[in-house]
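Submitted below is the structure of interest, expressed as structure tokens.
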Amino acid sequence: MELLGTVVVLTIKSLIFIIGMFLGAAYLTLLERKFAGHVQQRPGPLHVGPHGFLQPIADALKVLTKEDLVPDSVDKVLFYLASLMAFVPAIMILAVVPFGDPFTIFGVEIKPYITDLNVGLLLALAFGSISIYGVIFAGWASNSKYPMIGGLRKAAVLIGYEVALGFALVGPIMMAGSFSLREIVEAQQNMWFIIPNILAFVVVIFCILAETGRTPFDVQEAEAELVGGYVTEYTGMKFGLFPLAEWYIATFVLSAITVILFFGGWNPLPLMGWLPIPAFVWFFIKVFLLFMFFLWVHWTLPRYRVDQITELAWKVMLPLALANIFIVAIWIIIFG
Amino acid sequence: MAIKHNNGIILTTVEEVLSWGRRNSLWPASVGLACCAIEMMHTAASRFDTDRLGIIFRGSPRQSDVLIVAGTVVNKVAPMLKLIYDQMPDPKWVISMGGCSSAGGPFPTYATLQGVDRIIPVDVYVPGCPPTPQALLWGIMELQKKIKAKKEGKLWEEIPVREVPTASQPIKEKSPLGF
Amino acid sequence: MQLWIDNQKLETVSERFENINIQKSENFTSIQVEKNQLIQLLKFLKEDLGFKMFIDFFCVDYPLHNPRFQGIYLLFNPDERQRVAVKCWAEGDSLPTITSLWKGAKWAEREAWDMFGVKFEGHENLVRMFLWEGYKYHPLRKDFPLRGIEDTYLPSLNLRPDEKPAHNYSPYHTVLPTMEDLERTQKARIQKKNQIVLNWGPLHPGTHGTIWFLFDMEGEYVKECDIVLGQLHRGVEKIAENLTYTQFIPYTDRMDYISALCSQVAYVNAVEKVLGVEPPEKAKYIRTMMCELQRINSHLLWLGTFALDLGALTIFLYTFREREKIMDIIEGIAGIRLNSTYIRIGGVAKDLPEGALDVITHFINDFPEKLEEYETILTTNRIWLRRNVDLGIINEEDVYSYGLTGVVARSAGVPYDIRMIQPTDAYDRVDFEVPLGRVGDCYDRYLLRMEEMRQSLNIIKQCVEKLKGMEGEKYIATDNPYVLPTLNEVFNSIESMVKDFNLRIYGEQVPEGEVYLSGENPRGELGFYINSKGEGRPYRMRIRSGAFYNLQIFTELIKGRTVADAVVLLGSLDPVVGETDR
Amino acid sequence: MVKIKYIDRPGLTNRERVFFVDFIKGMRITLKNLLRKTVTTYYPFEKLTPPKRFRGTHAHRVKNGKEPPSFKVLEKFMDIKEGESRCVACYMCQQACPVPELFKIEAVQTPEGKKRVTRFDMNLLNCMYCGLCTEACPVDCLIMTDIYETASYHRAGTVLHLDDMARRAVDFDSRRFDEPDRIWIDDQERSKLWGQIKWS
């Protein structure tokens, strides 16, 4: 009976998370377009609904009812699989991301996370990496030159940043002594991990930009070079899933993980703990700010070349991540 | 195609909603051929900002709904333009921007295609050399009207031929749902 | 300012070579030579007399003459600033190739083959330049009609059943290539030797229009490259032969559509030279001012698309914001935003309207701040530096060999600026600096263009000051018999009306002769060679396009580089297809 | 005087490199622009008024008593009533046009021995809007208006005819004939992009 209850609760929670994420991602597109618009002194979507509020709905309707073209020459199985492989793992990371402390409403304890795995961070990393294969598959399955180059570029970038990312996350883990994201947050009640881990933070920002394919690392879909990169041959919703997964869901989820690792998760800002703001609101404010930061970077900087990214990853970011481990180790010896 | 001739209330509503989605999210393929491409870029840029109307330019024809043929189509590029058109998924529309692509324009020569409608069907012709961004936006809105009219069960041949207008005033009433 | 070869050098030439025929005139000096001596003469000019820079090569068709085609080579001596033309009849419809002397002749010779059917002995790969393999005709021959030969049934696909087509409609059309033809065109250019042959373009967001690049690639590295042009070949040179001189002005806009006014000024100056028309002082200043506005406009478009290609999307919209302002100014003065048709033979079409100078003053006060913003985002950005520095280095030797002009030449440290060496309009009366680069890479070209925008602002400022004191002066020299009268004169005097009728119907009866004159377009030297037989229409008009020659070096620079570098290189060379293809 | 100068190549100092000064500076610019007002004209709801010199669709001025002297001379040979197009069928516009086939002008001889224009078609799809035809018109008949919204669903819809050209000139003149020859009207839409201009 208890098992059944857990299953029901989990199912409901998962549904809420997935549907919420879908809608959220749809509106994140609007957010990005609005932000980009105002950065460029134009309003962005405006006339479809009040202030363009119905724009994502219109886009979704359009994309969903578009003819689903599958070119003759593609590898059909991989072609379909690729879009799912990019999208599903990005959503699955959500399973281990906690959005706040458990709280009680009407006597029911609600845990604002799906599960609290003790290897949550590792799982997140693993899923993050799997979703990249979607991109590579897409490039391969399209059987066309531009997607192929796009996919291979992404593979090259992947090899570069994955290593650095792994080492960069060691710092916070060492300080918290746990892989569980919830425990990492709880360990930051007094001081955020950004303090000694500043180098790791730089590395993580680099890796997230690379993983989500935002400028300056958007080599895989550089429009001027590769038309649409790996998505060139995709139409309709199969196409829609890629940017949704990469640019919005993955960016959002990875922002959440970064907040958890370096900015104290749902802990309130220093000296502002007395404010009557619920924990998950704090969390969302932080994630939102970080997400905006990524947008800000995206709409400002030019793009690196792919070999320069790998060079940067191996020659700069990896040593930085290692140095960070060293610093954190000394920090722990001295303070704690 | 059964849906097309069905006038049941539910289907009509669905059609209405779909048509609304389509005309408010027209993504053009960014195929710039000549001078008109510059004005097309200006239409997308800050001063006129097609993004307001949900129009964003896509690099790949596979993800676009409308092909804005901006500039002179010469004989040599015509087969490739046809290929681009064939690569676009249905439903798709074509705006022929400027005189050159509509009818050869001022280049009645051996090298120029005398009208892109000889290789692909065109929905809206926008005269001008090049048309100003406002003229192109007007053309895009004509296309939106056409998509709307199609939803109402009219074949496009039945839409009355618009007389060449005198100057038009800005639209005063904003529809809350867009166009 | 005279730019043609001096008598002393001509004497040296006539001592060395027999059977040469020297034609000397104010605007054009040519040496006619037998075919068997051509290479020796060119070599002599290049090595001994210092005419080491290749400017242009083209053919002229004389159907009644035997041999029928005449090739004309234009060379330039950068040290003494002199030009010379070498003419040679193509006996047996063929000429020796000069690609061993100047690499830049490769495309020009291909073009001559394409347009006239003149063969070149020893050319490494003589294929069609603009049209496709399998095209049967050579369109610039005098016996080929402008309309082409209509042979394909190609009716409009969306005529309504009851609709009468527009009145000049014919269901027959000139021949279109098939995909197989295009494939053959591609195969003729490049053979697959490495992993893949990438067709970069022609309808591709990154290729600045419709240039079609063929990359033979090993991984992402380009090993071999060739460029197929002609995706915007509209037959402008052929059109020019069928129109009067005034009627051709709008077409100059549509060649280099980003710098329409500069093209107009270059063309009109050439026509004025051959007609002997002197525009009034005010017109000269207006022209100079408009040209420089257009130069800023053009460089802004370059900056925007260059940044867009490198991923900095926002710069693109910022530059377009400023472009809108310049377009507004041009629209207010000339009537149309882009292809303005504002310059006329003998002056400009209309006087400056009220308030024009105020608006321009507002713009020049406002613009430096914006320019500063672009520079802050880009100039010292580490990514920008990584992508640009030491990429695509051009040296002085390349400049002469390929006939590079404009910013591309100046980035290599060659002070080749037409505004300086042959000032037209008011350029000899304004102060400005010609920036030169030291390294010759993409970063230098970027910096040069940014600096040129500042210099242009400076010139505009001086012109505005000057024009403020010129209110009410004449803006077009209508007392000259070759200049069309203004509307007001036509309305009020019957003589002007008759003159207007005559000039419109018969065209400007240009005296017989040849002229080559060029202007400094934002993309390089835009030269007009006009061959007049004393009629109202030119017998042959050759347009020497800067972008055409500048683009040619791309195939060399890209070797061993990646596709990602290709966008940077292409952006820094800044071709406009309308001008390369004409 | 023209001078030659070599440009400097700015670089990045090590301190700037370590602290990401280049990125921060750039991002400050985008932030600054984020806080600026938008420059967008909301097209169907706000329209930019073209300047008076704007070369839009063609139109025919009508006989309304404001004709230039040249018209008075040519009028004798013509059968034109008050309020009709001034066109005297001199074909100068067609002569001046680089693409003459876009015009189709026909005139007939009336029994009184006068000329009457029966057809004046212009195919806008072949037009370059270069204005050479308006400059050639000796009677101030053919003008270019500020109308640009001419998109049509079919080719024939872009051909101008004699009567609607006259109608549109009446409309254009009623709105803008008396406007001074200014660069543009400084209205709200214009100032969105330009800000405040100091007029002399």
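The first chain written gets the first letter, and so on, giving A, B, C and D; residue counts start at 1 in each chain.
We take it that a contact is a pair of C-beta atoms (placed from the backbone, for glycine too) under 8 Å apart; a residue touches a chain by one contact, two chains touch by 3 or more.
What you see is a predicted model, and the numbers here were worked out from it, not measured in a lab.
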Co-neighbours of subunit D and subunit A - touch as defined:
B, C
Looking at chain pairs B-D and A-B, which one is connected by more C-beta pairs in contact?
B-D
What's the distance between the Cα centroids of subunit B and subunit D, rounded to whole Å?
23
Between subunit A and subunit B, the Cα-mean centres are separated in Å by 36
Take the average of all CA coordinates in subunit B, do the same for subunit C, and state the distance between these two points in whole angstrom.
32
At what distance in angstrom does the C-alpha mean of subunit C lie from that of subunit A?
49
Which residues belonging to subunit B are in contact with no fewer than two other chains?
45-47, 49, 52, 59, 103, 106, 108, 115, 117, 129, 132, 174
Subunit A, residues touching no fewer than two other chains
37, 39-43, 46-47, 223, 227, 299-301
Hunt down the residues of subunit C that sit against at least two other chains at once, touch-wise.
156, 158, 160, 166, 169, 205, 239, 250-251, 254, 314, 317-318, 321, 324, 339, 377-378, 381
Using the touch rule from the top, collect the residues of subunit A that touch subunit B in their complex.
33, 37, 40-50, 52, 54-55, 57-63, 65-69, 223, 227-228, 231-236, 239
For the complex, give me every residue of subunit D touching subunit C.
1-7, 9-12, 16-17, 22-23, 25-26, 28-30, 32-33, 39, 50-55, 68-70, 73, 92, 95-98, 101-102, 104, 121, 123, 125-126, 128-132, 135-140, 144, 154-156, 158-159, 180-184, 190, 193-195, 197-200
What residues of subunit A sit close enough to touch subunit C in their complex?
36, 39-42, 145, 149, 152-153, 215-216, 218-219, 222-227, 299-308
Given the complex, residues on subunit B that touch subunit D span 46-49, 52, 99, 102-106, 108, 115, 117, 123-129, 131-132, 134-135, 137-139, 141-142, 146, 156, 159, 161-172, 174
Flag every residue of subunit C that touches subunit A in the complex, lowest number first.
196, 198-199, 204-206, 220, 307-314, 317-318, 321, 377-378, 381, 383-384, 386-387, 562-567
